[in-house]
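In what follows, a single structure is set out as C-alpha cells and then discussed.
Order as written gives the chain letters A, B, C and D; numbering starts at 1 within each chain.
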C-alpha cells in the first residue's frame, strides 16, 4: 500500500466520520459544524483526485457558504419545538433501505466499464480556439455555457424566492439588521484589513481561472465573503433590495452572457458561439461581470429577506 | 483496491448516510444538512468518474468536474431558499415541523387572493 | 462505425429552440432589473412573442416532418449541448405557451401593482416567476442533455416553490418547505443516476445514449434512481404528499400553473428516459410497476377528491388522480412486436391526456379562484347559487370537468378511448378496468361541484363581487380547448409522429 | 340537398344551443325549441333510405346514415320534441325559459337526433353522451330536494352506462379495426372477446332502457322531472338505448345463449314493471314503471331476434319503439293537461288518454295493437309468445290503474298554464293514433288489412279483457297491496352508503399516513429499488 493510498484511506475515514457526526449529532449546531468539517475533508479529497477547481468550489461553497448558512440557521432555530424522533420501525426501515440504495450505488460504481469513457481528449482538442488554458473553464464558459447561464438564473430565482418571504410592507427594504460599528472590536479590524486583500485574491482567482484552477464562481464567493465581513463589522450596510444599481449588478452577469450568446448568432454563426480570435477576451469579460453578479447574489442570499422599512 | 474504487465506495456510503438522515430525521434543518451530505456523496462519485476519465495529459475528465461545480452552486441555491423558508416558518409559528400539513386541510376557510 | 442517423444533425430553424428558451429567460432578467410595473409589462410582451415561437416550432415540424435540432455554440454532443424538438416537445411547448399566456391575462387583476406603489412584492414575484416557469419548462421540453435537464428541473422547482407561499400564511410556508425538500430529494436521486450514466457511456446526450445504452447493472440502477427522483417531483402516488397542500394553498393563478404545467415537466422526462435514452425498458416488469403506481394514483386520488370539503383541495387531489393515467403509457407502449398502430394509440393517448388535463386543470383552478373571490370562501357545501351568480365560470368549470371525467367529445375522452384500445390490443385488461373505475369516480367528484353550483341558494347570497367578464372568458377558453381537443385534434397524430421513431413510419403525411 | 338535411338535423340544435349562450336570443327560446327538431322531422320524411354522409374533419370521419328503423324513430321522436317543446313554452305563460333549461334541452335534442343517424362509433358515442348527460340539467329544473336526489341518481347511472359503453366500444373497435358500426359488427361474431363485448353493450344500453335491475333510476327521475321533460325523456331519449341495441347487436347472426338471456331478462322486466307499478300512487311514477315494462318487451323481442339470427327484428322493434315514443310522450303530457282542467271537464282529457293508455296493452285498432302484431313473428308462438300476450294483459292492468289515478288527480302539479296547453297534447295524441297505421306496411311489409282481420282483433282483445278483469281484482285488494318506494331496489342503496363512507374514511386514514414524510420517502426508496430490481431481473 502506497503512502498516497494510505492518505486516501485516512481522508475517507475522516469524511465518513464527519458525515456520521452530521447525521448523528445531538443538536443541529453540532451537525452543522460537522458538515463544515465534512466539506473541508471533501475539498481535500477533490485535490487528491486531481480536481483542484472543484476543490476550490467545495471549500468556498460546500464548506464555506453552505456550512456557514446552516450554522447560522441552527443557532437561529435553536429554540424551535423539536419533533418527536422517528419511531424504531421507521428508523430500522430507513437504515435498511438507505443501506440498500447505497449498496446499489456502490454496485453501480463497481460496474463502471473499463476502459472508462472520457471527454478529456475532446475537451482538450476543442480548447485552442477559445484561447483558454483551463479545460474546466472551457467546459463551463464555452462547451456547456448554457448550463452556466441557467445556473445563474437558478441563483436569481433562489434570491427572488428568498425575498418573496418578506412581509409586504418591508418590500424594497434592506435585509438583516444593521450591525453596530464598534471601533474596538477585532471584527472591525478584520473588516478593514481583510477585504482589500480578499478582493485582490478573488480577482486573482478569477483571472487565473482562464488557465489555472479558479474562475468566476470561486472568485465571486471570496468577494462575497469579504463584503459580508465588512457588513458584519458594521463598515458597510447591505443595500436595500429596491436599489436599481443592485438589481443591475445581479442581472449584469447573466445578462451580458446572454447578450454575448445572442450576438453569437450574428458574428459567430450560432448561439453562445464565440467569433474566432475574440473568444478569450469575450469569455474573460463575461467572467468578470459574472464574478461581480455572483458576489452580489451570494451576499444577498446570505443576508436573507428584507427586514427593514424601505427607503422613502 | 485503488483510490478510485475507495473514493467511489466512500461516495456511495456518504450518499446512504445522507439518505438515512433525509428520511428519518424529523427536523427540516437536519434534512437539509442530510441533503447536502447526500449531494456531497453523489458529487464524489462524479469526481471518481472524472478521475477514471483521466486522459490527454489531464488528471481527470474536465466535463464531470465542471458539472460538479454547477451542481454545487445549484445545491447552495436550494439550501439558501430552504433556510429562508425555515427561518420565516420559525418566526411565524415557533416551530419548524413538516408533518403538520396533514391536519391543515381541515383549517378554516382560506381567504384566497 | 456508422455515423449517427440524420436527425441528430442541426436543422434549419433550430435557432427557434434557442429563442423558445431564451425569450422567457431574457424576460426574467429584464423583469428583475426593471422591477415594479415593468415586470407585468414585460410578461405581457413576452407572451405573444413566446406564443409565436411555439407556433413557429410546431409549424416547422409539421412542414418538414423532421425534428428541429440545434447545437449550442456550434459544438456537437457529446462535448457540446444539443436542443431538440420532436412532436411531443412541440406539443408541450405549445400547451405551455397557451396556458402561460392565458393565466397571465387572467392574473392581471390579482397581481396588479397598486397605484402609488413603485413595486409591490406579490406582483413582482408572480410576474417574474411566470416567465421563469415558462423558461424552465422550455428547457425541460427541449433539452437533450441530462445535466441541462437537471438544471432545468431545478429552475422549475425554484420557480414553483415561492409561488406556493406567495401569500405568506404559515400553512403555505409549511407546504412550500415540504415541496422544496421533497423535490430536492428527487433531484439528488436524479443527479445520482445522471452521474452513473456519464460514468458508463461518457455522454449525457439523450440521442447518443439511445444508441449506446444496454441494460446492465449500472444502467439499471441509474435509470431506477432517475425515475424515482422524477416520480417524486411529478407527485405520482404514493409520493404525492407535497402536492395537495401546495397546489391548494397557492393563489389561484399559481395553482393553475403548478397543477397544469409544472408537474408535467418531470413526467415528460420520464418519457424521455424510458423511450428515448434507454429504449426497451417498457418491455420489463418495471413498466408494470409504473403503471400500477399510476393506477393507485387514479383510484386513491379520486376517492380523496370525493372526500374533500373544499374546492381547491378537491381539484388538487384530482390532479393526483389524473397524473396516474399518464403512467399507463409505460406498460402499454412496451412489448416486443407490438403493432405500430397500438404504439401510436398509446403515444397519442398519453399526449392528449397530458395536454387536455393541462387545459382542464388550468380552467378549474382559475375558475375556483373566481368562485373563491366571489363568495369569500371555497367550501363545497356553500357553493349553492354560484351557477346563477357566475354562469360563465360555472359553465367553464363544468366543461373542464367533462374533460376530467373523460366524456366525449373532450380530450380526456379521446385519451381514455385510446388507452383502453391499447389495453385491449395488448391483452392487459386491468388497465381498461382502471379507466372504467377512474371515470366513474371522476364523475362523482365533478358532480359534487356542479350539482350544488346549479341549484338555488338556500338564502340569497351575500353581496357577490362579480369578476370581470374578461377573466371569465379566459377560463371558458381554457375549458373549451380541453373539450375540443377530442373533436378537433389539430393534426395531433401527425405532429406526435415527428421525430418519434417508434411510430413515425406509420403516420401518413 | 336531402343529405344535407341529415347533417342539419343534429347540427341545428347544437348551433342553437351555443347561440343561446347569448342572453337576448333566449327571449325567443320558446320558438327555438319548436324550430330546432324540424330538420330532423324533414330528414326522416325526405332523405332517401340508405343514404350516407361522411364528414372528413376530425381525428375520425363522422358518418351519418339513415335506414328504415332509424328513420321511423327519428321522425316520431322529432314530432315528440316539437310537441313537448311547444308544451314547455306554453306552460311558461310568456315567461322566458331559463338559460339552463334551453341549453340542456337543445343539447339533449341534438343527441337524441344524432343517435338515430350516427353510423360510426365515435359520433354515436358522442350523440349518446349528449342525449344522456345534459338531461341532468332538465331533471333538476324544479330545484327541489326530490329533483336533486333524482338528478344525482340519474347522472350516476348515466355515467356508469357511458363508461360501460366506452369499454364495450373499444372492444368492438378492436375486433373489427374499423370505427364504422357496420364493419365492427360484421367482425364481432369472430371476436375473441365476443361474450364480454355483448355483455358490456347490453349492460350499457340496458341502463338507458331500464333493463332490470338497472331500471332503478327511471321512476324517481320521471317523477321529479317537469312534465315536458319527462315526456321527451321517456319517449325520445330512452329510444337511444333501443337504437343502440338495434345497431350494435349482431341480429343477423345466431347467438342463442346471449339472445335467450336477453329475452329472459326482458320478459321478467315486462312483468316486474307492472308488478311494482300497480302499487304506485303518482301517475308519473306509474308511467315510469310502464316504461320499464314496455322496454322489457322490446328487450325480449331483440333477445329472440338475436337467438334466432333474425335480422328483421330490428325493424319490428323500431316500429314498436316508435309507437311507444308517441304514446308515452302523449300520456305524460296528459298528466300535465289534466291538472289544468276542472273536475267537470276532466273527461276531455281522460277519454283520449284512456284510449292511448289501453293501446299500450294492445287494445284493438290502436297503434299498440299494430305494434304487438309487428313483433309477433319474432317472438314466435311458443312459451315466449304466450308470456308476451300475458304481459299485454299486465300492461292493460297497469294502464287502467294509471287512468284511474289520472282521473283522481286534478291539480296534481303543473297547475299553471292555460287551456292552450291542450293543443300540443291533442296533436300528439292524434299522431299516436294515426302514425302507426301509416308506418305499419313499412315496418312489417304486410298489409294494414291484416290488423283488421277478426283473428288479429281477437288476438289483441283477449289480453285486454284479462287485464280489465285483473284491474277489477286489484280494486278489491287495493288495501292489501304492499307499498314499494319509487325505484324499488334503490332502497338497497342505503346499505351501500355506509360501505362507501367506510372506504372514504379508510382512504383518508391511509392518506394521513402517506402524508407523513418518513412514509413517503421510504416508499420512494423502495420504488427506486423495485424499479432497479425489476429491470435487472428481467434482463
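As a working rule, contacts are C-beta pairs under 8 Å (C-beta built on N, C-alpha and C of every residue); 3 or more make two chains touch, one makes a residue touch a chain.
No experiment lies behind these values; they were computed from the predicted model shown.
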A-C or B-C - the one linked by more C-beta pairs in contact: A-C
Whole-Å separation of chain centres (CA-atom averages), chain B against chain C: 26
Mean-CA-position distance for chain C and chain A (Å): 31
Between chain A and chain B, centroid-to-centroid distance (C-alpha), Å: 13
CA centroid of chain A to CA centroid of chain D, Å: 71
Chain C: positions in contact with at least two other chains: 79, 147, 151, 154, 158, 161-162, 165, 173, 178, 185, 192, 196, 199, 202, 216-217, 221, 224-225
For chain D, residues that touch 2 or more chains besides their own: 511, 515-518, 521-522, 525, 528-529, 532
Sequence positions of chain B contacting 2 or more other chains: 15, 18-19, 22-24, 26, 32, 45, 48-49, 52-53, 63, 67, 70, 74, 77-78, 81, 85-86, 88, 96-99, 101
Contact graph of the chains (line, ring, star, complete, other): complete
Complex interface listing, chain A residues touching chain C: 101, 104-105, 107-109, 111-113, 116-119, 122-123, 126, 142-147, 149-151, 153-154, 156-158, 160-161, 163-168, 171-172, 242, 244, 247-248, 250-251, 254-255, 258, 261-262, 264-265, 268-274
Chain B partner contacts - residues on chain A that touch it in the complex: 4-5, 8-9, 12, 15-16, 19-20, 22-23, 28, 31-32, 35, 38-39, 42, 45-46, 48-51, 53-54, 57-58, 61-62, 65-66, 69-70, 72-74, 76-77, 79-86, 90-91, 94-95, 97-99, 101-103, 105-106, 109-110, 112, 116-121, 123-125, 135-136, 138-140, 143-144, 147-148, 151, 154-155, 157-159, 161-162, 165, 217, 301-302, 304-305
Chain A to chain D touching residues, read off their complex: 86, 90, 93-94, 97-98, 100-101, 104
Residue ranges of chain D touching chain A (in the complex, touch as defined): 518, 522, 525-526, 528-529, 532
Chain B residues within the chain C interface of the complex: 15, 18, 22, 28, 31-32, 35, 38-39, 42, 45-46, 48-49, 52-53, 63-64, 67, 70-71, 74, 77-78, 81-82, 85-86, 88-89, 92-93, 96-98, 100-101, 104-107, 109-113
